[in-house]
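In C-alpha cells below, several structures.
First chain A sits with chain B, and in the next complex the same chain sits with chain C.
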Partner chain A sequence: MTWRSWLKIGLLLAPGLGLILIFIGSVVYIAIAQSFGYYNLAGESGFSLEYWAIMFDRATYSRAISYSLYVGTASAFLAVAFAYPLAIWLRRPFSGSLMISAILKAPLLVHGLVAAFLYINIISYHGILNQLMQWLGIWDGPHRLQNDRNAVGVLILQTWKNMPFALLLLAGAVQSISDDVLDAAADLGAGPWDRFRRVIAPLSVSATQAALVIIFIGALADFSFQVIAGPVNKQSLSQLMVFFKGYGRWNDAAVVAVTLMGLAIVGSGVLAVFSRFVMRGGRLK
Partner chain B sequence: MDAVSVRNLTMKFDEFTAVRDVSFDVARGEFVTLLGPSGCGKTTLLNLISGFLQPTSGTIEIEGKNVIGVPPEQRNTAMCFQSYALFPHLTVADNLQFGLKQKKLPHAERKARLSDVASKIGLGPQLAKLPNQLSGGQQQRVALGRALVMRPNVILFDEPLSNLDAKLRESVRLEIRAIQREYKLAAIYVTHDQGEALAMSDRILIMKDGRIQQSGRPDRIYKAPESSFVADFIGGANILDATVIGQVGEKNWRLDTKMGELTAQSDTPPVAKELKICWRAEKAQFGSGDLNTVTADIAHRSFQGNYTDLFFTVDGALQRVQLGEEAGELSASITFHIRPEDIIFLEAIK
Partner chain C sequence: MTRTGLNKILLWSLFGVCVIWLVVPFSMAILWSLVDPAEVWTPDKLLPPVMSFYRWTYLWQFSSLKTAMFNSYLLAPSAAILTLTLALPTAYALGRLKFPGKETAKLLALLPLVVPGFVTAIFFTAILFQLGLNAWRFGAILFAHSILFLPYAIRIMTVSFEQVRQDHIDAARDLGASPMARWYVAYVPALKPGIMATLLIVFIQSIEEFSIAFIVGAPNFTTIPTLLFTNLGQAFIRPNAAVLSLILVVPNIIFMLFLERVMRSANPALSSGKG
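Then we have the complex of A and B:
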C-alpha cells in the first residue's frame, strides 16, 4: 500500500479507534508508569523497581494472585459447564422452551451486589436454608455457611450470574448446527457423547472460547461478590488494590492493577488455546 | 431373512400423515428404488428406517431384529442425505472416515477403504479440502462416499445424484451398483428420476401421498401399471376414459373412448365397465392397421433427437405419439394404429 492509502485509512479510523486508544491507552499507561514509581502522588516521582520488588515479597500478594486465578478459572469453567447441556437441550424449540430460556437469562437482570446480598440472606446462620435443613431433619443445628473458606459462595454467585451469558453465546453456536449434521453423526455410529465430542464441541469452539475468556476476566477481578460472600481470610486482587488505594498507596495499587491486567491477558490466552485444543480433539488447527 | 422388513408403518406429524400403512421387504443384496413425486414421504420413510424419527405405528426389522426404539447409532444403516449434511469442520478425508473411526477400524483398513471410495467417486484430489471449498456436485459425492465407505447392512440413498451432470451421474450410478453388489448391501434408493429408477433397480416402489401405489420389477411397472398415476408417472402414458361395450373371444374387449372405438387384448378382464385405460406413446404404429386406427390433427411437435413427440388433443387432454424418421414427413395430421395388446386396463372410474 502507498503512504497515501495508509494516511487515508488512518484518518478514517482516527475518530473511533483513536479515541478508544487515547482513553484506554492513557489509563493503562498511567497504571504501568505508577507501578514503576512515576506519577507518585505522595512523594518523589522517578523510575524505581522498588514497588514491584517489595510486592513480590508480600505473602498477601501471591495469595491474592492464586486466589483470584482460582476464582476466575473455576467460575469460567463452571458457568460454561452448566450452560452447555442447557444450550443443547434448548437447541430445538419445544413447547415451553422459550419460557425456560427466558427464565434462565433472568440473572442477567439482577445486579451482582443485589444477588450477593440475597444469597447471604438465604444462607445466613438463621436464614431459610438453615431452617429448612433443620426442619427436614437433615441437620441437627444451624451451620455456618457464610464466607466459607473455599469461596464456594463466591463460585456459586459467579456461576449463577455468568451462566446465562455463557448460555447466550453457546446457544447461538449450537443452534447453528443443523439437525441433519447431527443425524448424520448418529447414523455413522456416534452416540450422544461422541456427537458432542466430535461435532458439537468443535463447531462451537469460538463461542466457548469467548464465554470462558470473558467470564474469566470478569471473575478474576471480582470485588463485590468477594466483599460480601467471600472468605474473610483471603483477599482477591481487586480487594488488595482497593486496600492499597484506601491508604493512598497509589504505586502499590498500580502494581496490583498491572498484575491484574497481565493475568487477564495471559490467562485469557491460555484458556483460549486450552479450550480450542481440548474441543477440537487434541488439535489446534 | 430380509435385510429390512417394514410392516404397517405410519408416521404422523400432528394432523398430517406423511407415511401411511406402508409395508415392504428388502432382501440382502437387493436394490430397491422409492419413486414418487415431491412431498410423498420418501425422505420421511428413510428417516424412519435410519431411526431419526419414531413411527406413530408399525414395525421395522433390520436383519430380523425389531429396531423400534433403537437409536440411529446402534442401527447398522448408513444414509446418504438429500441435504448432504457434511461436517463443516472436517476435511473431505475426515468426513469420509467419520464412521470408520467411530467403528474403531484399524488404521490400515481405514486408509484402504478411504482411497478406494475416493477414487471410485472421483474425489481423490479433493481429500484435503473443507466442504465449503467444494462444488455442489463434489459435496454430494462426499455425502455418497461417506455412506458407501461404511458398507452397512442397509444403505439408504436420498436422491444422491440430483446435483451431478448427466455424464457423471451415469458413471457414479455404475459405481454405486458395483459397490452395492460387491458387498451385498441392501439398498433403498430414493429418486424422482424415473429413468434412473428403471435403469438401476431390482425393484421399484412407487409412492404417492404416503402410500405405496405399486411395487415390482422395473419392466413390470412399465409394462403393466395398475393405476393411471403409475402409468403417467412412469413414462408418461396416454390415459383415456373407456366404457366396455363387449367381449370378443376370450381375451379381447371392445371399448368406447373419446378417441373412437378401440379393441384391447388383456389376460385379465377389466375391473369395471367404466374404467381408465392407457397406451404408450412409443407403441403407436405409423399408418393404418386392421384395428384401432386413429387419425388426428397435430397440435404441436417436439423434436427429441432420436425420435419426435407429436401431440394431439382428445377431448381437451393432450395425447402423445412417438415416431422416428417418419415424423418428418407429416405436416397437419397423423394416422396411426395401436395393437390391441398395447392397450392396458387401469383402475375403475369412480
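Then we have the complex of A and C:
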C-alpha cells in the first residue's frame, strides 16, 4: 500500500475510530493516572501509591468488590440460563412463536429505571405481592421485601433486563445451525441431550461468550438497580465511585474505577474461557 | 406427547408468566398514575377510590418534566445525527476498503461498550474540568453520547457498506454515471435501512442513557431518566414516579416497533452491535 492509501484510510478512520481511541483512551489514562496521584484537580500532583494503600485497608472497598463480582457473575449466568432453553425452543418457527418472541423482547423496550420502579411497586410493603400472600393465608402480615440483604431484587431486575439480549445472541447462533447437521447427528444415534452437548453447545460457544461478557460488564458496573432495589448495607463499585466523586475525592474514585475496569477485563476473560471449556465438553480448542 | 402438544403447553405457560411479568406491573403503574390526591389508595382497597389525571397535569405544569422532555428530545435526535455523521467515513473504510489491521480496527471500535458506563461518565467529567468545558452541559453530554454510541453506528453502517453490490457500482460507472450519481443509484438504496436503524438505535440509547446525563448534567441539566431517578430516590412519590415511568416507556415502544419494521430483514444481533 502506498502512503496515499494509508493517508486516505487514516483520514476516513479519524472521525469515528480516532475519536473513540482518543476519548476512551483519555478516560482510561486519566483514571489510571489519577489513581496514582497525577492530574489532581486540587493540590499538588505527583506519583503516589497512597490512594491504593488506603483503599486496600477499607472494608467498604473489599465488600464492594465481592458484592459487584457476585451481582455481575450471577446476573450473567442467570440471564444466559433462562435464554438458552428459549433460544433452542424457538429455533424452528411454529404457530405462536412470533408472538412469544415479541413478548420476550419486551424488556428491551423498558428502561432499567422503569423496570426498577415497576418491581418495587409490586414488592413494596403494601404492594400487590404482600397483599396476595396475606389473602392466600401464606403470610400473617406484610413482609419487607425491598432492598433485601442478598440482592435478590437486583438479580431479578438484571435478569429481567438482560435475558432478551442473551436471547437475541443465542437465537441467532442456534438458528444458524443447519437442520442437516442435527439430522446427521440424529441418524448417527445421538439423542436430544447428545445433540445439544455435541452439536448445539459447541457451535454456539461464541454467542454464549459474547452474552456472558456483555451482561457481566454491565451488571458489574450497576448503579441504578443497586441504589433503588439493592441492599442498603452494601455498596456496588459504581456506587462507591460516585460517592467519592460526590465529595470531590477524584483519586479515590479513580482507584475504584481502575479496579472496576481491571475486574471487567479479568472477569470477562475468565468467563469466556470457562464457557468455552464447559460448552466444548472439557476442551479449550 | 407430540411436539405440537408440548409447544402448546409451553406457549400457554409462558403466556401466563408474561401476564404476571408484564401486564400486572404495567397495570399497577397505570392505576398508581391515576390516584387522585383527594383520597389515598390504601391496601384494603382493590382499586384507587378516586381516579383522575391530576398527577399527569400537575407534573406537566409544576415539575421539571417539560424541561427534561425538551432536553431529552433535543439531545437524542442531535446525538443520532452526529453519531451517524461521525461513523460514516469509518464504516466506509471498514466496509469497502482492504487494508492490514482491518479486523483489529473493527474490534477497537467496540471499545466504548467494554469500559463501564459510570467510569466513562466520571472521568469524562474530569476531562471537562481539566479543559474548563464543564459549563456547556448540553454540548458535553451530546459529545459523550455520540462517542459512546459510535460502536453501534459503525457496526451497522459497516454491514450496510459491505452489502452494497460491486456490480451495481460497476454498472452505473459503465453507463457513464458521475461519482455523485453512482453514490445515489448504487450506495443510497443499500444504505437506507442501515441509516434508519442507526438513527433509531442511537435515538433510543440516548433517550435511555442515564450515567453520563446524571454525572455530567447534575444538578442543572435534567433529562427524563435523571428526573425519574430523582423521583425514585429522595423525592419518591409513587403516583408521580408512575407517571414518569409511563412517559419514558411509551415512546420507546413506538420507536422499537418502527425499528422492528425497518430491520425485519437484518440480523438484530449484528445490527445492535452485539454480534
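The rule is simple: the second predicted complex is superposed on the first by the 269 of 285 C-alpha atoms of A that agree within 3 Å, B and C clash if a C-alpha of one lies under 4 Å from a C-alpha of the other, contacts with A are read in each partner's own complex, and residues count from 1 in each chain.
In this text, a contact is a pair of C-beta atoms (placed from the backbone, for glycine too) under 8 Å apart; a residue touches a chain by one contact, two chains touch by 3 or more.
These figures come from a predicted structure and were not determined experimentally.
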{"item": "More chain A residues in contact [chain B versus chain C]", "value": "C"}
{"item": "Touching partner for A:81 - first (chain B), second (chain C), both, neither", "value": "neither"}
{"item": "Contacts of A:186 with chain B and chain C, given as first, second, both or neither", "value": "first"}
{"item": "First (chain B), second (chain C), both or neither touched by A:198", "value": "first"}
{"item": "Which superposed partner A:270 touches (first chain B, second chain C, both, neither)", "value": "neither"}
{"item": "Partner chain in contact with A:118 - chain B first, chain C second, else both or neither", "value": "second"}
{"item": "First, second, both or neither for A:238, with chain B first and chain C second", "value": "second"}
{"item": "Of all residues in chain B, those that touch chain A in their complex", "value": "47, 50-52, 71-73, 77-79, 81, 83-89, 98-99, 102-103, 146, 150"}
{"item": "Residues of chain A that touch chain C when the two form their complex", "value": "1, 5-6, 9, 11-17, 19-21, 23-24, 26-28, 30-31, 34, 39, 41, 89, 94, 96, 100, 103, 106, 108-114, 116-122, 126, 128, 130-131, 142, 160, 165, 168-169, 171-172, 207, 210, 214, 217-218, 220-221, 223-224, 227-228, 238, 241-242, 245, 250, 253-254, 257, 260-261, 264-265, 268"}
{"item": "Chain B partner contacts - residues on chain A that touch it in the complex", "value": "178, 180-181, 183-191, 194, 198-199, 202-203"}
{"item": "Touch list for chain C against partner chain A, complex", "value": "4, 7, 10-11, 14-15, 18, 21-22, 24-26, 28-29, 32, 42-43, 85-93, 97, 99-100, 105, 108-109, 111-120, 122-127, 129-130, 147, 150-151, 153-154, 208, 210-211, 215, 225, 228-229, 232-233, 238, 241-242, 245, 248-249, 252-253, 256, 267-270, 272, 274-275"}
